[in-house]
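By letter and in written order, the chains are A, B and C; residue numbering begins at 1 in each of them.
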Amino acid sequence: MPVTVVEAKDLCVSYGTVPVLSDLRFSISEGDYIGLVGPNGSGKSTLIKCMLGLIRPSKGSVLLFGDEASAMRQRERIGYLPQRIDFFNPRFPSTVAEIISQGLVANRRAGKNSDKERTERVLQRLDITGIRNRLIGDLSGGQQQRAFIARALVHEPDFLILDEPAGALDPETRENFFTLLRDLNEKQKTTIILVTHDIGGIGEYASKLLYLDKKVIFFGGFDDFCRSEHMAKLFGSASQHIICHKHH
Amino acid sequence: MDFAADAFTQKEQSMNSNRKACIFLAAWVLLVACSCKKAEEQKADHRSGRLKVVASLFPMYDFARLIGGGHATVTLLLPPGMEPHSFEPRPADVAALRSADVFIYTNQYMEPWAEEIIKGVDRGRLLVVHASKGVKFSGRRDSHAGLKRSEQHRNHEPGAGADPHIWLDFVNAQKIVDTIAQAFSEKDPANSHVYMTNAKEYKAHLNELDRKYRDALSGCRKRVFVSGGHDIFGYLAERYGLRYRAAYGLSPDAEPTARDLAELSKMLREEGLNHIFYEELLSPRIAETLAKETGAELLRLHGAHNISREELASGTSFLDLMEQNLENLMQGLQCR
Amino acid sequence: MGILEFLSYGFIQRALVAGSLVAAICAVLGVILVLRRLSLIGDGLSHVTFGGVALAMVLNLYPLAVSIPVVVLSSLGILRLTEKAGIYGDAAIGVVSSVGIACGIVLASVAGGFNVDLFSYLFGNILSISMTEVVTAVIISLSVLAAVYVYFDEIYSITFDEEFARASGIPVDRINTVLMVLTAVTVVLAMKVVGIMLTSALLVLPAVTAFQNARGFRNAMLLASISSLTSLVVGVLLSFALNLPAGASIVLINFFIFACSFLLRRMARGTAS
């Protein structure tokens, strides 16, 4: 029986009296590759943070690998790529290697080692070996993003959470990136949830779609999505067509 | 509707407000009574003819006390234990001055705040006495009150920029005693003879003290002493032919620099001094550092600006302090 | 008087030993504080230290012994204000710091005025540091350095991206509290070296100097430490050579090194295309 990675039970989050997420009920299983989409302000980032245990639900709960998200201890199983604008200060003096090491702290705390090998591997995978000792602020947007992706992947997590990862990447890098994700998902059964605005492309990568607009509008496989008339109405048949056309 | 209850609460309420009024009235009466009593006391002072004297520093306080005898009530403005160099007068101090007959202070350089508080007082009643009047000032320059050089030159007032610790020269001290006695006589002519007699007696003590110092310090092995405090004892040193260095040289507030400390350590070693002096009321930190550096022992040299609470309680006098100083000086200068 | 003779004095040796270690921890913590936009905290906590010293004088207790708990509690108070009361960091610092100064003034007045001893805490009294104080400073400094060393990866993570740090399971709140306490203790020790007025400089200048040319976070820490240590030693020597107050000399050298660092960077950027 596949492991349940995330389970949301009547999850509600409000900032004061303003509801951001209402009555979310879904579960993500091991090996799922989910595209999380929705309009601006739909609560996508909030949901992500709930899953990570960074925000406490106002009502209901969200379980991460069976534990209540904020109490879940095995953090080395999770890889996180936050949205660029949230945290990044390019003037902060830090090398790419140092940033990647941030991703290894959880491993260290769990007692795992072989940091050097992991770092080498991820540097090669993302083709950033040459810039490992460069200051993050001196790099191009694409290189910076690759560094942050490396940070999310370096400790080989079971569950990857990526918040709009591909925006800054050039087409070739993006291609490589999504290939990498697919490899991880197919070969290592890495569970992936990817927040994106790219409705057009999402069908190419993910196996499931979670459409959020404060509530779960749709959660399921692309086939169901494509066959649904309800979806056609919601999206307009043209959009639905694009997504479903892309989905193989 | 329970009229009985209503009526009861109404009665209770009126009783309460009555009670409050009574308490208020009682408090008011008490307040008036107290202030009347205070006025009574003050009038009693005046009716009994006692001079109300306020002195800024301890030596003036002690002299005034002994000159005035039973005919004067003398208070010291500086609270016990307080270091005088940065005294800030409070409203209570100004009030004390308002009801005083005589105010004695050294000069504007020792007590720069004095001019300020005098301004707020009616000079018709208060006689202000400059204890430094007629005193022989040292030629040594000292920017004790932070006088700018230009001010020093323009100011032809005696004592401008000079060391103001005049009371540590016992001949000057006698002049101060005369000045105080004259002032008392002026304010209270009826008891003039008492003041003059007391002054004469006290001057004799000071003379005796001077003689003691001269005798004791004439044949000492060392002719120099070092202090880890302020530059106070210039007059004393000059009078008895001694050399003297203080850690806080010119500026009263700035820490001695590394070089100052190095030079003082060197001086202690070269002069073969086994003792270093520290000041009253001030932390002996600097003296301790120098002592640790050279292996010297600490001895106190009391500048008599002000005394501690314990000293005040035990009735220590200026003469007592100077006797103690002599003991310590003799030890430090290796006189015995 | 030559340098060798100067260095033979016990009070110079004590100043250099204690001063160097305090300079090192100021540099290390300064890097963290400046990156987290908490530069003002050095100033704020040093104002509280003033209150602590005044309190010690009233109670006739040892100033360092009273200041350390007072400042530690205030630093935690600042943390609480930002977390619970939702006041911004700089405002919280302002609140606590002004209360500290006001209490200090009242206490100083009660104790008998602003005496010379209190002044020496304002401007530093590293030259009259006693052996006990040296030992205390050494022990505390080494503890701070040890704590930062042991938790280095966590501290870097929190400083660079606090949310990610939290997501990776680092006990962010606990470590923040520890950092606050370490900062508080460092500020009290810095008071001894450069005085309350200049403590902020000792925390901020080495960090800013390092950031001019740092090639990474670890590199920044190293550069800050070197700059701080150099400033301390040269500052003490200079204060002797030119007969100047030690505390201010140290800060001026700190600034001089920053200026050089800044120019270096301008030149490097100029030559690079």
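By our rule, a residue touches a chain if its C-beta (ideal position, glycine included) is under 8 Å from a C-beta of that chain, and two chains touch if they have at least 3 such contacts.
Remember, it's a predicted structure, so these values are computed and weren't measured experimentally.
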Any chain in contact with chain B as well as chain C: none
Most central chain, Cα average position: C
Cα-centroid distance, chain A relative to chain C, in whole angstrom: 41
Mean-CA-position distance for chain B and chain A (Å): 77
Chain C - residues contacting chain B, complex: 1, 5-6, 9-12, 15, 109, 112-117, 119-120, 123-125, 127-128, 130-131, 236, 239-240, 243-246
Of all residues in chain B, those that touch chain C in their complex: 79, 81-83, 85-88, 90, 248, 252-262, 265-266, 281-283, 285-286, 288-289, 292-293
Contact set on chain C toward chain A in their complex: 35, 153-154, 156-157, 160-170, 210-211, 214-220
Complex contact set, residues of chain A against chain C: 52-54, 73-76, 78, 80, 82, 86-88, 91-95, 97-99, 101-106, 108-109, 133, 135, 151
